[in-house]
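Look for chain A in each of the two complexes below; its partner is chain B in the first and chain C in the second.
Moving on to the complex of A and B:
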C-alpha cells in the first residue's frame, strides 16, 4: 500500500496543484478566482468532446499526447513522495526519470512540428533550447544530493534526507533547492520563463506547442503537464521537508502540505514578477547550473 | 568513397580523408615501432607494459584518435562521410571509426595499469567531442553532414565511458571500471546500429527527393511512411531515449559516473561530475538536433516540388533499416541479457577477474532490467491510452481542418519554420563555439522587394587550426620547387653533379 501511495497521490492530486496556483494568483490580484476543482472540470469537459485534427498531421500528432502521458505515469512510479518509497526503485532510477521527461518532450515537440505551423515550431524550438540547458542543472542538483546521501536511487536519496542532514549541509541543500526551483519553473512553463495565461502565440512556449490539439488529446496533454509539475515539485518538497514520523497520516499530510505550499509559492512568484525576455531565460538557466555546481562544491568533503 | 568523382567536393573530401588516415597511420607506425623496440618483437602477444607507457598512450591517442574522430582530429569526418554514397557512409560511420576505439582499447590492454591522467584526458576528449560534435551538428543544413557530426558526438560519449572506466580502474573501484567500460563498449555497438540505420534512410531520402538540404524537404512521412518510421526509431535511439538501445549504454555511463562521483574524493569526483553534466547537456542538445532533423524533413508540408513528388523506395532499400531498427529495440528491451553477455569482454579490457566482473554486471543488469521493464510498461500504457481515446472518440464528431493559422488566409509551405530557425536559439547561445557566418540582406522600406539570409557553419577547427597550419606546410614545401622545375636538362645536370661528387668522394 505505502509504495503505491506516491503514484496514487500524483495521479489524483496533480491537477489540484494547478488549481491552488490559480487561486493564489487570483487572491493576490484581489479576485475571487476559479474554484479549486477547475482543472478537474476542464479535464472532464475535454474528455467528453470530439476532436479536430489538422490535414497536415500524421500519426505522430496522435502519438504525442499518448506517449507524453504514458511517460509521466511511468516517471511517477519511480518517485517517492515524502517518506513513502516509490513503486519501483533501483540504482540509477534518477537517470531514467529525467530521460522519461525527455521522451515526453521529444514526442510533444514532434507533434508540434507535425502541424507545419510556424507558431508551434517556434514554441518547440524554445522548448528544446531551454530544456537542453535545464537538464545539466537537474542532473548536477541530483548529483549533489547523491554525493550528500551516498545513494544512487531516488527513494533512498530523497527519503534519507533528515533534519540532521540539514544540520550538516544546509547551504548545499539550500542551493540545490534554488537550482531545482528554477528547473521546476522552466520545465513547467511558469513565470518567469513562460506565461501560461498569455494571449499572444508569438510569446508562448508550452501552450503554443499544443495549439492544434483538441478534445481527449488535449486532456491528456493537460493532465501530463500537471503530472510533470507534481513530479518535479515532489523532489523539491522531499528535500525541503526532512521530518519523518513513521505515522502514515502525519507523513502523508506533511508531504501534501509541502506540495500545497510550493503551489502557493509558485502563485506568489507568478503574481510578483513579469516574464523574462527570452534571451534572459538562458541566463536564468545557466544561473541554475551555477547554483547546483556550487552545491556540489559544498558537499565535497 | 569517391564514387561520384565527377564532383569537385567529393574529390576534395577524398583527398582530406587520404591525408587524415595517413597522418593517423604515421602515429601508429611510431607506436608500433616503439612497442616493438621495447619488447623485442612485433607480436601482439609479446607486447607488455613498458616504462614509457604514458608516451605510448599519447601516440596511440593521436593515431587511433584520428581514425575515431576525436575533436580536434575529427576534421576529415564531416567531409568524408557525407561525400560517400549513403551505404558506404553507413559502413564508415558505423564500423570504420570504431576501429579507432578498438585500437585504443587494445593498446591500453598492452600498456597495463593506467595512469589517472589518462582517464582525465579521455573524459576531457569525450566532453569536447560530445559537446562540439552535437553543436556543429545542430548548425548544419545538410542531413548527412549533420549525421556525420553526430558520429563525432557519439565517439565523445564512448570516450566518456572509457574515461570513467579508466579512472575507476585507477582508483580501485571495480564497479565504476566495469560499468564504465561496459557502457562504452555497448555504445560502440549501439552507435553502429542506429547510425547505420540513419545513414541508410538518409540515402533513401536522397534517392527519392534528390536532395539532402533539410530546408528543401518536409512532409516526407506521408510520402515515405516506412523510411520515416525507421528514421524515427533511429532518431529516438541516438537521442538516448528509453526504451531503445541508446539509453541503455548512456545509462551505464551515467551509472558509472554517479558511482564514481559518490565514492571518490573531492578531486577525483570532478571528471565524474563533468561527465554527468556533459552527458546531460549532450542528451538535451541531441534531442534538439534530432527533433529538428526528423521534424523538418519528415513532418509538416513539403517545401519544394522535389519533396512534394517523393515516393517510397523499394522494399530492398527499407528492409536493412528495419533489421537495424529491430536491433535497436531488442537491445533496449533485453538490455540486462546483453549486459550479462559482455562479461568476458569487459574482463579482458579491465584485467579484472571474470567472477568479479560477472557479479558486478549482474548487479547492474538488475537496474537495466528495471529500465527495460519500465519501457515495456510505458508501451503498454501508451497502447491502452490510445485505445481509450479511440473508444472515447467513437461516435463523436471527429473532423479534419487546416492547421490553426491565426486567421491568415493563405499560409504557404515556405512560411514554415526551417531547420535553421528551429536551431537558432541554441546556435546563438553557443555562437562563440560555432563561428557561424551569416549573410543578411534585411527587408527595407514599406514594400520590401529583396531579403535574404544565408548561414554557413564551417568547421572552426578546420578553418582556424588545420587550414592555416597545412597552408603553411604547403608554402614551406613549395620552396622545393626551386630544385624541382620539371626541366629534364636540369635533372640530368643533378645526376651528373651527383656522379661527379661521388667520384670525387671515392678518389679522396
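Moving on to the complex of A and C:
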C-alpha cells in the first residue's frame, strides 16, 4: 500500500498544485481567482471534446501526447514521495528519471515540428536550447545527492536525507535546492523563464509547441505537464523536509504540505518577477549549473 | 562552528559568481559590500574560540569600512559618473561565469596541494580565498568601466584577506590596520580619478586612456 502511495498521490493531486499556484497569483493580485478544482474541470472538458488533426500532420503528431503522458506516469512510479518508497526502485533509476523527462520532451518537440508550422518550430528550438542547459543542472544536483547519501537509486537517495544529513552538509543541500528550484521553474515553463498565461509569439516556449493539439490530446499534454511539475517538485520537497516519523498520516501530511508550500512559493515568484529576456534565461540556467556543480564539489571533499 | 564557517565560505563563493554574472554596477558594488561583511564574520568565527578584544574589533572595523564606507563612496562615484551598467565587457557574462567555474576547479585543486603551516578550520577556506582572488583578476582584465576595475581590485584584496584569516590567525594589528588604510585611500583616490575621467571624456571606459600620452604626435 505505502509503495503505491507516491504514484497515487501524483496522479490524483498533480493538477491541484497548478490550481494552488493560480489561486496564489490571484490572491497576490487582489483577485478572487479560479476555484482550486479548475484544472480538473479543464481536463474533463477537454476529454469530452473531439480532436482536430491537420492534414499535414502524420502519426508522430498523435503519438506525441501519448508518449509524453506515458513517460510521466513511468517517472512517477520511480519517484518516492516524502518518506514513502517508490513503486519501482533499482540502482541508477535517477538516470532513467531524467531520460524519461527527456523522452517526453523529445516527442513533444517532434510533434511540434510535425505540424510544419514555423511558429511551433521556434518554440521547439527554444525548448530544446533551454532544456539542454537545465538537464546538466538536474544531473549534477542528483549526483551531489547521490554522493552525499551514497546510493544511486532515487528511493534510498531521497528518503535517507535526514536532519543529520543537513547537519553534515547544509551548504551543499542548500545549493542543490537552489539549483533544482531553477530547473523546476525552467522545465515547467514558469515565470522567470516562460510565462504560462501568455500566448504572444515573442514570449512563449512551452505553450507554442502544443498550439495545434486539441481535445483529449491537449488534455493528455496538460495532465503530463502537471505530473512533471509534481515530480520535480517532489524532489525538492524530499530534500527540504528531512524529518520522518513512522506515522503514515504525519509523513504523508508533511510531504503534501511541502508540495503546497512549494506551489505557494512558485505563485509568489510568478507574481513578483517579470519574465527574463531570452538571452538572460541562458544565464539563469548556467547559474543553476554552477550552483549544483558547486554542491557536487562540496560533497566531494 | 565548522558548518557556520562553511556556510559563510559558500556565500563568499556565490558573491564571486554574482560579481562575474551581473552587468549592473550597483549589484556588483553590493556584492563586494556583502563580501566585506562576510569576511568580517569569517575572521571572527574562524578563530576557534580564542577570542580577544583586538581579534573581534579589527574584523568589525574592516567589515564597517568594506561593507558600508567603500560601497557608499563607490555608489556616489557611480552616480556622479552617470553609469548604471557595464555595457561591453571584453568577454560575455556567460563566458565570465564559465571562467569562474574553471577558476573554482583550479582553486579546489590548489587548495588540496598547498602545504600550510597551520591547518585552517575548513578545507574550503583556501580554495575560496584563491577563487575570490581569481574573480578579482578576471574583473580587472575583462571589464572596461573604471568602477568595475576598482571592484576587481577590492575583490582581489578580499581574497587576500580571506587567505590571511585562513592561515595567519595572529597577524600583527599594525599590519592589518595598514592594509585597511591602504585600501581605503586607494578606493578614495580611485573615486576621485573616476570622477575626473568621467568629466573629461563623458564616460569611464578605461581602454580609451591608452591614447593619452606625453609624446608630441
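As a working rule, the second predicted complex is superposed on the first by the 301 of 301 C-alpha atoms of A that agree within 3 Å, B and C clash if a C-alpha of one lies under 4 Å from a C-alpha of the other, contacts with A are read in each partner's own complex, and residues count from 1 in each chain.
What we mean here is this: contacts are C-beta pairs under 8 Å (C-beta built on N, C-alpha and C of every residue); 3 or more make two chains touch, one makes a residue touch a chain.
For clarity, every value in this text was computed on a predicted model and none was experimentally measured.
Novice: Once the shared chain is lined up, is A:50 touching chain B (first), chain C (second), both, or neither of them?
Specialist: first
Novice: With the two complexes superposed on chain A, say which partner A:103 touches: chain B (first), chain C (second), both, or neither.
Specialist: A:103 contacts chain B only, not chain C.
Novice: Hey, is it chain B or chain C that touches more of chain A?
Specialist: Of the two chains, more chain A residues are contacted by B.
Novice: Which partner does A:78 contact after superposing on A: first (chain B), second (chain C), both, neither?
Specialist: The first partner, chain B, only.
Novice: Contact-wise, after the overlay, does A:298 reach chain B, chain C, both or neither (first, second, both, neither)?
Specialist: second
Novice: Just to be sure I read the superposition right, which of the two partners does A:126 touch: chain B = first, chain C = second, or both, or neither?
Specialist: first
Novice: Contacts for A:220 in the overlay, against chain B (first) and chain C (second): which applies, first, second, both or neither?
Specialist: first
Novice: Considering only the touch criterion stated at the top, classify A:287 as touching first (chain B), second (chain C), both, or neither.
Specialist: Second partner only, chain C.
Novice: Examine A:194 and indicate which partner it touches, taking first as chain B and second as chain C; both and neither are also allowed.
Specialist: neither
Novice: Do chain B and chain C land on any of the same chain A residues, and which?
Specialist: Residues common to the chain A contacts of chain C and of chain B are 282, 301, listed in rising order.
Novice: Going by the contact rule set out above, which residues of chain C touch chain A in the complex?
Specialist: 3, 6-7, 9-10, 13, 17, 21, 93-94, 97-98, 100-101, 104-105, 108, 123-124
Novice: Which residues of chain A touch chain C in the complex?
Specialist: 167, 170-171, 174-175, 282-283, 286-287, 290, 293-294, 297-298, 301
Novice: Across the complex, what residues on chain B touch chain A?
Specialist: Spelled out, the residues of chain B in touch with chain A are 218-219, 221-222, 232, 236, 239-242, 247, 251, 254-255, 258-259, 261-262, 266, 269, 273, 276-281, 283-285, 287-288, 290-292, 294-296, 299-301, 364, 366-367, 370-371, 373-374, 377-379, 381-382, 385-386, 388-389, 392-393, 396-406, 413, 415-417, 421-426, 429.
Novice: If we count contacts the way the header does, which residues on chain A are in touch with chain B in the complex?
Specialist: It comes out as residues 47, 49-58, 60, 62-63, 66-67, 69-71, 73-74, 77-78, 88, 90-96, 98-100, 102-103, 105-106, 109-110, 113-119, 121-122, 124-126, 128-129, 131-136, 138-140, 143, 146-147, 150-152, 201, 211-212, 215-217, 220, 278, 282, 289, 296, 300-301.
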